[in-house]
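Next up: the structures, one after another.
Below are two complexes that have subunit A in common, paired first with subunit B and then with subunit C.
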Partner chain A sequence: MKKSGWKLLGMALILTLAFSPAWAAEVIKVGAINDMTGGTCDVGKDYALGIAEAIAYVNDAGGVNGKKIKLFQFDYGYRIPEAVTIYKRLRDYDKVIAVLGWGTGDTEALSPTVTKDKMPYVSASYSAHLTDPKKTPYNLFFSCDYSTNARGCITAWYEEIWLKDPKYKARRQRGDKPRFVCFYSWPTPYSSAPIKAIKDQAKILGFEIGPDQDVSLTALDTKSQVLAAKKFKPDLVWHGNTTMSVATALKDSYALGLGAWHISNNWGFDKNLVKLAGPAAENAIGAVPCAFFGEKGPRFMPKIVEYAKKLNPGIPEKDRLIRTVQAWGDVLLLWEAMKRADKAGKLTGEGIKEAFETLRNFDLGIGAPPVTFTPTDHRPTSIAQMYIIKNGKFKFLKRIDFKKRYPEKWEKEWLGW
Partner chain B sequence: MRKSLFIGLVFIIAVGIVGCTVWWAVVPPKVQPPVVKLNRVEVAHYWPFWIEPKKKRGSTLDLAFVFDITNPNKFKVMLDQFRFTTAFEGFELSTPIVYEDIYIPAKTTSQLRVEVTYDAYTALLALLVPAGNVEMLKKKGVKHVNLLKSWWEKVGDFAFPIEVRNGVASFTSDYGEVISSFKATFPFKK
Partner chain C sequence: MSWLPCGIYHEYYKQDHRWWQTRFVWGKMILLFIVVYYLFPQYAGLYWIGVANIIGYTVLGAMGVQLLIGYCGQITLGHAAFIAVGAYVCALGMLMFHLPYIVSLLIAAFAAGIWSVLFGLPSAKVKGFYLIMTTMAAQFITVDFILTQYVSRIGGRGVAFSLPPGTIKVGPLVIDNDVRVYYLMVVLVTLCTLAMANLLRSRVGRAWIAIRDNDIAAEALGVNIVKYKLLAFFVAGVLGGVAGAFWISNLAALSPEHFMWSWSLWLVGVILIGGVGSIHGIFFGSMFMVLVLEALKFAIVPLAPIFPQLQMKFLFLKEAAFGLAICLFLIYEPNGMAYRWWQIKNYFNLWPFSY
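So, the complex of A and B:
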């Protein structure tokens, strides 16, 4: 009889534990280093909001095979030394297993450290310098890299405008070369990262290249740069900065009658460009990594909008940018890798990296080209997507698959720059 | 007799524990969002204004934002994450995020002090880069450095509105998670 009493007590304890509300599920810690106040906060703040919203969705959707993600997110104000100190805190104190980073400067500065620490570092820097796993095995991102974006923009303009616009017919027949200059912040790693690639593509297409113009990320006046570029009479200008600075350069180019077309990297091309530059933004062409916020079609867009409203009700929907969607792209990518690593029983930095390298044509559901990573190539995609601003709206212009178009160069020459 | 008394007692305790646990698990109490209210803003540390944009540096200003967090529930909740944006005269300058775990007992009010450091150079970037701030600067017709200087000089008297915007506090408890949103402008209207 005594035995059955103990049995009853044992059962009671088991049931208590099973139903206990305080039952703590395993938690996975992930860090985020974002710019909400610094030189790239025009695009960084929206991205940071998107990171927190996407993580909330991931947790509501079951986390990493039942394990919840705890996010530790910090603003580093685009100051590289501060990003390094935050990274050390995340690694040593919070003990995160992966980091969602931000800029090219800090991502490249931290790259040797994250490699040593075997810390997956999924950043918003799409610098091609981060795509060669021999050099930067733990750096990953979801988007087409900056160099491919740049090659895409200049090629799209060449094929859709230079070769088709009757305005250039006489010059084409004369055998004139289109004339090209670059506007970007020389000391900023993000801005300078794709310059070598775009000039290489310009040479392939037969452009004449003029002098580079140094434009700061915080530029409120670019008249001297526009006037200097005007002497070269460019047909096309590449803008390598973020939206605010690109808007200033477009407005000054418009006011001073530069008479060139404009192409821009993805972080300089969003609806704030139209808002800030007005008519000067008309016909600007830009690289677009994924769907715009609220755009119909992509599988995850209803969730992206829902979580933006739910978690940040104080920010009107009209003020949300494509940057939110980009943040979801990096979170969904990391989520998939963590789920695969966990399933393989290797939820460690090394296991997550190996899991990334099993992704083949993986559709993130955000209107981005599908991603593939292999142990020898971390370029997520070879497809660049370009849009053009017409009547203040973004219109699809062209999609170029550089692996298909230049298979040998893609395989043997272009990896890592 | 003793044996049956013992078994009976064990049975009653077991049924009681299981019953209560299953009840709380099946019908958990609804978690009410705690109320977050700005109590005051203080100047925590102060240095006179200077800025050297070319050297990317300037003086700092430390403000402390003190919040009252009231837990209306009959059980404790834990503050898991606390985030808000600060704005001077409508210009958004920083978004502090706090992760310290703080338990708030049932039906009580705890206070949280969040210190925010502004440095003149980063504040300058925040004025010049985001689309909203640039537009407002133009409308006001003020030079950015002059505006910064006036903030540093007037903050001791709180002679301009300091806003807490888009505040979001996440709480966890034994019965679920809940989010509270908050906003305020200091000095408060009399």
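So, the complex of A and C:
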């Protein structure tokens, strides 16, 4: 490089350093660690847009009792070491009081650190491992956790299809057990989190469980897994990955005539599944944490659509996903907790966590079941919602309240996995 | 001993080989020591200490890559695998056998070294691009297959391990905040650098360099190529194991996602930018790779309110800037930042009579 080049570089560096000012006092700083360019950007980008839009709305709606929120949003490209430096930057340099995190990678890696730092970490990872306040008191989220989703999906299929479909009548009368296998990415914490729970539920309902199939998150071909599963002749397949991979598995199952029903976790179940898998996605059942983007009914939906149009006019409305609404869910939840903490005069990490624990049957207004947090239980809700794809459209199938159905197990056994 | 190199005469080979030959150099080194061990952790603030810890992790990781690529000429694209082995062995040693951290670290380093030798075996037969394939195989066999399918399930822990607070102790000292992690990092980096620098000027190091420069000539000179190549893989693996064992102290959590193939590639980028075949290069490269990302964050935060699109639409700029930096370095500084440092140093050393 020429000498002038070095000078320019130096000046640019000095300028950027000089221009990072301290912010005004009456501003609440919140950090966000999102994946907009990395391995999970197929669902991560929409979520990141939703975070920024929801924070803009919160500020327009008066902020936290008059205090504006300043959002520090960073992309970490799904590189865990970078997520760690971003987190430390947010904590020590920007001095945020809460972090809106993304997936399992960063959330589980940072979980011991946020607990130590008393930093509320509201994530898009709904793993049930994060719900036991004894172990992870500062990991929070708004939705029904993955394990309850999984229990919900398998129970919904059992009750709505196995017990009702005339096709299975003969087998039911013979006393046959329905046969079940799991397709998921073994190494990915998101995918493997609910497996123990769904197998437990399968045993409760009396399923025959086949061998697990390892399907990578970025799978473009799942024929060998489908063929291996076909030997077992499953009636039902659980898909634990994100949309792209689930679509691939559905298409291959369809092409190879697996002849099973499909159930999927929430990050594998959105508009893109229908787009990618087409007729293979027909009759797929999935857990849905909140209303779909643009769905009529929920109180906040007009605002969600309005802010999406206002802040990101370049993205057509039909391309926006349920992920935006999920981002709003986490932001609205944190907003409510911060308002309560501020009213109590304790707008700190610890105060926000305590404020979370005062939420009782709080309706977020995005079509999600109301949330409750207690000091001994951070499972936001016990209600799983299942939808089914009919003619390329999402149709409501069933809502199951696990606390009502298995009160004993819900209270004593199921916390934290 | 005098202040300047002028007028120093050596009577023994040993004298000629001393690291720090003048008082001036001693002074610089003492200053560096004070800065690194006292001033920086005292005054830099937690954020910069956190950044320094990541730089230290990158340095420890890149050290083995530098040894293999820069000194022994064995191109590797699977070094994250050995870092992962170190991290998992260290974590398992502490969680399952309740070993002290330091003992666990040593075992982890040794295990990673042996593992590395196993995947270095093909280097006896293959070179260049073909060796890249076998080291990539090491990555996928180790991390994506063995660690995720089997090792990370040990003890019913699911995929992600997390170490309960207070697990990582050096003697009575619990490594639980960034400053203590920093000291651990600095000590490990210092020891590894000393070991590597001294190894490189020994018989072993010279054999590696001979193999790098021309393996046939080296063999003709009587260097046992297979032995020294495997030794290089062993030492590189040990350094990787140390890096992995350090990583768990920094995060207290561990999952196969931390050691993806992209991290191996990243480490090669570190030594390309820093300078292939230079110990300084490891440090410069690591600092560059980590600090550029931080600098981009400093640039984005104040600009984001003015250009809201910066955060969403121009994200690729960050990735592109990175690729561009590597390209520019390969074109304008093919010897890396270490070469530029050497030139700057020489300029001052020779001033005012440089010619």
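What we mean here is this: the second predicted complex is superposed on the first by the 392 of 417 C-alpha atoms of A that agree within 3 Å, B and C clash if a C-alpha of one lies under 4 Å from a C-alpha of the other, contacts with A are read in each partner's own complex, and residues count from 1 in each chain.
What we mean here is this: a residue touches a chain if its C-beta (ideal position, glycine included) is under 8 Å from a C-beta of that chain, and two chains touch if they have at least 3 such contacts.
Bear in mind that the values here come from a model prediction, so they are computed numbers and not experimental data.
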Problem set entry | Partner chain in contact with A:Ala284 - subunit B first, subunit C second, else both or neither | neither
For this session: Give one of first, second, both or neither to describe whether A:Trp186 is in contact with subunit B, with subunit C, with both, or with none.
Result: second
For this session: Scan A:Asn312 for contacts with subunit B and subunit C and give back first, second, both or neither.
Result: both
Exercise. When the two structures are overlaid on chain A, which partner does A:Met36 contact: first (subunit B), second (subunit C), both, or neither?
Worked result: both
For this session: Would you sort A:Leu415 into first (subunit B), second (subunit C), both or neither based on which partner it touches?
Result: neither
Problem set entry | Which superposed partner A:Asp75 touches (first subunit B, second subunit C, both, neither) | both
Exercise. Once the shared chain is lined up, is A:Val122 touching subunit B (first), subunit C (second), both, or neither of them?
Worked result: neither
Problem set entry | Which of subunit B and subunit C A:Ala48 touches, first, second, both or neither | both
For this session: Check whether A:Val84 is in contact with subunit B, with subunit C, with both or with neither, and answer first, second, both or neither.
Result: second
Seminar exercise, completed: Overlap of subunit B and subunit C contacts on subunit A, residues 1, 13, 16, 19-21, 36-37, 45, 48, 52, 72-75, 77, 79, 311-312, 314
For this session: Spell out the part of subunit B that touches subunit A in their complex, as residue ranges.
Result: 3-4, 6-7, 10-11, 13-15, 17-18, 21-22, 24-25, 28, 83, 93-97, 99, 122, 124-126, 128-132, 134-135, 165-168, 174-175, 179, 181, 183
For this session: Spell out the part of subunit A that touches subunit C in their complex, as residue ranges.
Result: 1, 13, 16-17, 19-21, 36-37, 45, 48-49, 52, 72-75, 77, 79-82, 84-86, 88-89, 91-94, 104-105, 108-113, 115-116, 129, 186-189, 192-193, 214, 311-312, 314
Seminar exercise, completed: subunit C contacts subunit A in the complex at 45-47, 50-51, 54, 57-58, 144, 147-149, 152, 158-160, 162-163, 165, 176, 178, 250-253, 255-258, 262-263, 290, 293-295, 297-302, 304, 308, 311-313, 315-316, 318-319, 328, 332-333
Problem set entry | Complex contacts: residues of subunit A adjacent to subunit B | 1-2, 4-6, 8-9, 11-13, 15-16, 19-22, 36-42, 45, 48, 52, 72-75, 77-79, 217-218, 220, 242-244, 272, 275-276, 311-315, 319
